[in-house]
């Protein structure tokens, strides 16, 4: 039997199985980590119990992440005769109603639906919303709609077709195709994937290795995890293709141990792929053999750096090495090694199936394809989004993300996490691609995109990211170990109102030197958040230094919480109960006030104060009126 | 840290069992100590010595790895593990305030365990539930949109649980006493 | 052995092909600051970040310990950019180093002093803040030498000798980041570790972190 015949046999079996399933009503519950956090497992149980109770003949499946985090837990219901609908956020009550009203009876409960999955006459689809118009899903397309625990779902959607095709090509032709697609590494730096493969292909030494870098450690990005949990086979197929191209026999997936669900779903996917003859010896009857080992990373951000990752797999501390030599020529155990990010490898099957021309037709000339972002922060539509390269930040924030929460003022976007930078309003029309972001001082990085509003202090943001990289520095090289510490100390002083203008110059100089002098990309990019905020938001730094004032009212040491008597109500005392340190007292006139010396600035009272009063406010610079406070306190005591 | 009687034997037996399932190459080190920590909750010194002998590497090399990665613990954790997410989104939505609240209530700093070994407090990088920020993992269960008030609630639940359990134990003891 | 022609600071030299620039320059009598470099290591550490030079055709300064010489290579060891990087790296090391050289047993034999002399750098902090706010205890448990972590620059020379030359395996890098240090298994004093007190590590310490006891008296 030829490779194509073998593949067709397993694909047709899968299609038949899935078609048969589609004859019955089908409930999909998104149970990736994000969904679980929002209570998806409870919802899953409710559907199962209710279905039992009503003796329904339906299929209930767990799926991955659909990317609409703002509406978790998400449920998709496909009932023959109705448009397939997506519901969210679904609570227990809604789940019960969906079973009774929709599955038992025939009312699709449009009130709870967000969108339909395919065009119909009844309900708008995701494509009918601004987000859907801009979004172009390639690697997220199947996430949340296929069962990651059942390989047949992937196979039925032409999964592994690219592999079957590739196995009949010359390995070098595969590399040519990826080169021609101009696929660039999605791990952050955007190095051309095909060139990397070519170097490894031509390098002497054997065996060769393929490593998938799934050590996602950016504190605001989770798309790799979502892809692993939602569509593991897409990645595995990409890895096998990469391995065939460079003729590697072993692959590693380096995945964070903090992602237990991703690890479990990957393990399951790997064993199913082996059963179908898609992994292991003589894949699909060819003479190519390849297998994948899962290596669990132990939580060190620096291991995202490829030379550190290799050290880690070899059983050592994850300390980076000087490059060159690059892993492509001298990698794992000194052998030629290709290391690609989860997203990069996930594009590979699509490119091989649909061709390099198709891929280049999406996105921009030098950054073809799409970009995946974890949209978070002060934006309405938080979630995982996939847009063509070249989409502007404005479109991403306002159309895809539906704008800023609570009608606040946009201040900046932080793109690329700890290695990226903060871009101000004037950059809103910047097209997102590898090169223009780099020019603006940010970086595609891992794809975290945090929207910041008027309440976010840019000095504090810079301090936060530097605190992260400083804690995650491996400590090997002087600049990163000590330079980031020096910078952090300066930033901490500024956020506490103890900085000087001279400090700003030292900070700028140090940032430039750490960027230039560090050994690895962690150190080389760590100053980016500082450099961009210094460039675009210097006035905020100066307000902290010159006036002891935090304009965004965020830096704890520079604010005071007060209760405005004119707004406070005599009849209300919720703030008193909310205070963990008994810092709020009732004045003789029954209005409430705060002992400044007892207040720990926990923000509880501000949240607790009913919206009709909004009497608690923050002021900056902080109030240091010892006198008034003791007098009032004294009165109260009497 | 002093080991309780019987603990050393248990550590040795568990470690030997894990070592049996692995090869003796250097690259087995991290998977081995991950498994040891999964079973014992931390990496006891005798276990690290045993691993070093099995892999024929200096003990200090095991220690280098154990002290490099965030995952590894050299002391037993508290009964309840509280992990506050310090990802970007959580930080922006007040994760640091939540951390402050836990520190204040438990009277320990991040990375420490309460003297009664009831709670340990840790920071974690992004849990990946940014839409639910700020997020806290309490014994692996995700608590979404945590406020300082919720912090009190979480700890109160454990306190109630504990005192109820103590009451039951006390009662059992008393009843036992009556029988005698 | 084949040779290549290179130019360092305007002077022409013939150096062995395949050699790393740092060693070639030092052999030619050109001083380039360095602490972590070790000719016998298969892969340079490149961690001290002091041996920067500029090479014609390269956009940024490079570490000379990692750069192989090539025919026609034109090197400049002193440029504004190189001097700035070396100065910052040096000051950063000093910011976490117990100064007071007069009291250090390694006074006048210290590599840091040599770098300061060669590059006209001050041996005190003017720009950066002292990071060594509380001094760590000195380990004087062995009969032969003392270990003062407050003077350590984390060059790794001692650990390499311990592991690769005398093959004892008593010391290693422990912890990560700012807390990274040279230490023993379980952080015990050296006398309680596997250390054989052979003193080989002391001989390679470029600063006053590992010092023979006879010198301290």
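Structure notes:
Each chain carries a letter (A, B and C) given by its place in the written order, and its residues are counted from 1.
Throughout what follows, a residue touches a chain if its C-beta (ideal position, glycine included) is under 8 Å from a C-beta of that chain, and two chains touch if they have at least 3 such contacts.
All values derive from a computational prediction rather than experimental measurement.
In terms of which chains touch, the assembly is arranged so that all chains touch all other chains.
Annotation: A-B is the more contact-rich of the chain pairs B-C and A-B, by number of C-beta pairs in contact. As a whole-number value, the distance joining the C-alpha centres of subunit B and subunit C reads 38 Å.
Separating the CA-averaged centres of subunit A and subunit B is a span of 26 Å. In subunit A, the residues touching two or more other chains are 300, 317, 319, 474.
Among the residues of subunit B, those touching two or more other chains are numbered 61, 64, 68-69.
Residue positions 173, 175-176 of subunit C are each in touch with at least two other chains.
Of all residues in subunit A, those touching subunit B in their complex are 33-34, 36-38, 69-70, 72, 217-222, 225-226, 257-259, 295-296, 298-301, 312-319, 374, 376-378, 382-383, 414, 417, 448, 450, 452, 456, 464-465, 468, 474, 578, 580, 600, 602-604, 607-608.
Subunit C meets subunit B in the complex at residues 163, 168-176, 183-186, 193-194. Every residue of subunit C that touches subunit A in the complex is listed here, in rising order: 43-50, 52, 60-61, 63, 66, 81, 84-85, 88-89, 92-93, 95-96, 127-129, 131, 154, 173, 175-180. By the touch rule above, subunit B contacts subunit A in their complex via residues 25-31, 34, 61, 64-65, 68-72, 86-89, 91-92, 94, 97, 100-101, 104-105, 124-133, 135, 142, 144, 147-149, 152.
Taken in their complex, subunit A has these residues touching subunit C: 300, 317, 319, 321-322, 470-479, 481-483, 485-486, 489-490, 506, 509-510, 513, 516-519.
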